[in-house]
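Below: one structure, written as structure tokens.
Chain IDs A, B, C and D follow the sequence of writing; residue 1 opens each chain.
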Amino acid sequence: MRRILAIVKKEFKQMRRQKQTLLLLFVVPVVQLLIFGYVLTTDVKNIDLGIKDSDKTVFSRHLIDKISNSGYFKIKYVDTTPRGVEELLKKRKVDAVLIIPEGFMRKVLRREGSQAQLIVNAMDSNIASIVTGYIMRIFENFGAGILKGSAPAKVKMIYTAWFNPELKSVYFMVPGLAGLIITIICTLLIGFSIVREKETSTLEQLSITPIKPHELLIGKMIPYALGGFLSITLALMVGKLWFHVPMRGSYLLLFGASFLYILTALSIGILIATFSTSLLQVLFLSWFSLLFAIMLSGLLIPIRNMPKFIQFLSNLTPLKFYIKMLREIFLKGGGLNLMLMDIAILSLFAVVFVLISSLLFRKRLTA
Amino acid sequence: MRKSKAFLKKEFLHLIRDPKSLFLISLLPVIMLLFYGYVVRMDVKNIKFGVVNYDHSQFFEGLVSDMEASSYFTREGEFPSLKDCEKWIVKGKVDACLIIPSNGYKKLLTGKDTEVLLVLDGSDSNLATTVANYFHAFLAKFNSKHMPRGPEFRFSVVNFFNPELKSSHFFVPGLAAIFLMMICAMLTSITIVKEKEIGSLKLLRLAPVSPFQVIVVKLLPYLFLAVVEASLIIAVAELWFRVPFRGSLLSLGVSIFIYMFAGLSFGVFLSTIASSQAIAMILSLVLTILPSVLLSGFIFPIKSMPVLLQALTYIIPARYFLIIIRGIMLMGVGFKEIYRELVFLMVFAIFFFVISTFRLKREL
Amino acid sequence: MIGPTGFIEVRDITKEYDGIIALKDVSLTLKEGKITGVIGPDGAGKTTLLEIITGLRLPDSGEVLIAGKKWTEDSGSLKRNLGFVPQDFSLYSDLTVEENLFFFGQIYGQKDGTLREKIEKLLDIANLKKARKRQAGKLSGGMKQKLMVLSCLIHEPSVLVLDEPTRGVDPISRTELWELIRFIKEQGTTVILSTSNMEEVSRMDEVVFLAEGRVLVQIEVQNLSELFPFKIAEIKTDRVEDLIEKVEKLKNIKATHVVGRRVRAYFPREYEKKVVEELSQIVKGWYPVSPTAEDVFVYLTGGFIGE
Amino acid sequence: MNEYVVEVKNLVKKFGDVTAVNNISFSVMKGEIFGIIGANGAGKTTTIRMLCGILPPTSGIVRVSGFKIPRESHKVKSKIGYMSQKFSLYEDLTALENLELFAALYGVNNRDFHSEIERLNQFLEFKPFLNSLVSSLPLGWKQRIALSCALLHRPELIFLDEPTSGVDPVSRRSFWKIIRKLSGAGQTIIVTTHYMEEAEYCDRLTIMHEGRILALDSPDSLKTSLEKESMEEVFVSLVGGSLEEV
């Protein structure tokens, strides 16, 4: 116990003296969250919409006002034929063009079956479908307004989004990013600290003292686990206070899950360090494992869209389960009963990684 | 010239002597391309939905089975009430729940609209938005098929350049921008810093060769490697993912070359500030690869970012290259439309090339 | 071309790094065709001095003249006539012995034909012929060190500078390295090298003692003992501690030093007679020894005053 | 006086196909300064690591302070001190913080720690530097702090791995003076080095080459028996005979 405490004290002193560690612990979570919170959004805004209004009636102008007021579009009046649109799109003057034909409104009211045309740059399929969706909704509302009783009955949709009625992507991103930040901090910091001790051969010096490998590991993990808790708290505070992400679940559950995940992330860091002899290798391996985690954890990209094999692979990244839990706790206010399975999986990960890393660490220490 | 040849030979020997790395460097991007080409998909399939049908008419049964038939939606179950479905939504077992009101069909028959309610799981906002859009589009089609035609306020959609709305067409060329940056900036900075670390750069400085020569010759093998890489990536994009290629190979070749030059120059620049390979790697991660992924418009639309971050994107080469490569491959643009981007990349490349030659001369 | 004298002049050089003085008012004149050693512990400023001489670093003040030429004026021809083995230099480990030598020859613009001959000769001298096809990374420590020296000799410099060439090298490789260095000197090349190993002084023509960025002394090796004002008596004993106690009580003994089971007693020359008398009262046999380079260095850095 | 602190019999260590230590035997007496001399890769470090109990031997018998290695390695650890050539201290901690750390690891309690600091300070005179960061200390002082860390728990046996490389001669002389005092007080010292000047300071030494022991005796006897002037010549004649550059 005394020996563990001695290592803990030492690590804290070193953390205090190493500016880059402090930077990683305090500044990185906040900055990362602020930048990523804004960047990592697939919300589409400021779409450059070219409008060719050949109708030039009060109605068409009213329709354009509606579009312009929706907040998604920047309207540019263009004078073009459908054929000329391609040129506009190529030059990136506009993202889409809405062509309202001559006599459009008149023909619609007389049931002569005229329609407007929306030409979208569909290079980015995601943006294309979102733009189409926006315009469609505006048209429907507008049509309902002017056609009133004269239109045939149809099935209409209203929707409500639970947990996030405004569908803000920041609500979705912040808990995920918090998970990512913990991964970066816990894995990298402990990996660096162990390899630094290898490089300066203080690790060898320690191995000659009566300290046992598990004592050394526990002593090393405690400070970085606390650092992990600190930075996740910081990240979540930014999420709550700056981005106003709601916190609906229990803090106890949140920290319990975080504890399990931090343990796993630290073990992965230790594992990486036992395989590396230089900072460069640690960096390379952690970057690789991080990339894997980012891509397959569902942080950014929905797992369901991936091929079955890759979906199966995604179960190998603990981050997936942690992020899932964070999102459920934050947004859905999910309780323990909802995530028993996830907790079990995360615990399994924690136990397996702690065991493997400590075994390998012990082996490397005495060979 | 003789000296340059000696250099070149040495650099190639380095590459050959380390077949493992060479293999990794040249094949990894292709493997990753295949991998991420499938992983990075923003279009959603298999939306899982539950149904609460209070209406029970054949008409709405038809609506549900039409939904299932559309390949976008998968029905997970029917529930007697929303309350029964709630748990499924909270657990994430369904993405949405469709609620059809009682007497919905009767209402339609009397000429009135029927509103169905779609309850979405908003915790994944991206998914929810997409689901709402898809459902909307589905309804529009459904209405025009099954309901009597009347006065309609409609528009038709033309999806230019990507009529099937395949997201791989958008992402696969984008990945080229990132991999090329990775090879050019990261590898060159690491290899130059390595010479710093083993001390041989001091000898090179003492030898009667100019820093300009040192840089150019150190870059050539990686330029070569990057060209191979670029061809492989384009080939995979064309043959495997069937990304259309509408522009000219020449303009793409020239653009890739200029982009690689920009990446290499920046890599050399990084090597003049980094003191160890680890630092070179961190710098190239933070200063080239992360911005290339996040701030270039690779996945996340620049237009939706706050103004300050948008301003930042203007100094990121990948931003320009994405415009170029997507423009050439998907839109078939020529030099006329992309010359401004090319000029920027040139300026960027020359700026850092000059600075690093200067720094290398002074510092080493 | 470096002129016929080939000497190196270092004038009033001062160099600071972030407010820490690495060199302070260093002035030296180094003779052509000699082996000059820069001796001092780690941190004395040896590397900085050598890098300034080779033009890799610019001094804050002062200047270096090689054969009357300054680095700032004629770096091209100076570069061609200088060879430098940096302390941190460790070859391209993935290239073979030959490839390394070829590369360094070629960047000095040498033609392949003559280069091949030269490499042949150098490999022969350094006894590395059998290892020519081996990758440098797979050589033993001593062989690597020799190869490093060779790669800086390939363009036949008239001045060769080596920064701690014998650091971490075992005695056999060290002997071989010194044979190589001696051979280089016999070709008329001026050699400047640094070391923290005082034992190597005897192999040099001239030494410069450096401590804390200052030159303590520059002197020809054969005159070294003239600097030392003490005489040394060495006594063999099995009971070191008892003997020291006795010897240190003697009034004229300035210092003692123990090497294994031998006690060395230092006393001023002028008291030789008295000391001889006193010593013969407490010990049976002793004999005079001459001072080592380490003795001189310790004396110059004030190590005897404290004792 | 003829009490053996270290006994090694037929010790072998193989790493895969490579035999790093090839059937060596020696004993070290209490209070002795015992040297292990050899080139890089001669097997010095491997031997030391086995003696410290951090590397299990392939075969052979090792006894340190009466304990069998590797079975009783954990008991040995508190009996030995170790100082390596790199002075493996934490550069970003102060000298005192380093000392405190190692005291805690060796289970030295607080009161003993302070009296021990006083005792060590008497001959190592490190007090003025206790609160400086190790990274800011000159090499000679790092060496003293590293030695103090190895001595805090009053080990019976001290391993010094190339203890004076790069250190200035004045520091080196006072360092060896301290080592002599320790040995005089009954502590046993094992030194590895490839510096021949350090070889001369040993009571007895063994010359290792390619995992084998080529000679084992006092420096003076080695010189007399081989009729050589210096240890360097002794080494060259012993090792050189078996060495052919490839």
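What we mean here is this: contacts are C-beta pairs under 8 Å (C-beta built on N, C-alpha and C of every residue); 3 or more make two chains touch, one makes a residue touch a chain.
Treat the numbers as computed from the prediction; the structure is a model and nothing was measured.
Comparing the centres of all chains, each the average of its CA atoms, the largest separation from chain D belongs to B. With each centre defined as the average position of its C-alpha atoms, the distance from chain B to chain D rounds to 58 Å.
The geometric centre of chain A is 54 Å away from that of chain D, both derived from CA atoms. Taken as a contact graph, with one node per protein chain and an edge wherever two chains touch, the assembly forms a single closed ring in which every chain touches exactly two others.
Touching chain pairs in this entry, ordered by label, are A-B, A-D, B-C, C-D. The touching residues of chain C, when paired with chain D in their complex, are 40-44, 127-128, 130-131, 140-143, 167-173, 175, 196-199, 211, 236, 240-241, 257-261, 294, 297-298, 301-303. Within the complex formed with chain D, the chain A residues making contact are 2-3, 5-7, 9-10, 13-14, 17-18, 200-202, 204-212, 365-367.
Those residues of chain A lying in contact with chain B across their complex are 35-36, 38-47, 82, 85-86, 89-92, 98, 108-111, 113, 115-130, 132-133, 135-137, 139-140, 142-143, 146-147, 150-165, 167-169, 171-172, 278-280, 282-284, 287, 295-296, 300-302, 304-307, 310, 324, 327-328, 331-332, 334, 338. Of all the residues in chain B, the ones that touch chain A in their complex are 35-36, 38-46, 63, 89-92, 104, 107-130, 132-137, 139-140, 142-143, 147-163, 165-167, 169-170, 276-278, 281-282, 285, 294-295, 299-301, 303-306, 309, 323, 326-327, 330-333, 337. On the chain B side of its complex with chain C, the touching residues are 2-3, 5-7, 9-10, 13-14, 17-18, 197-200, 202-209, 364.
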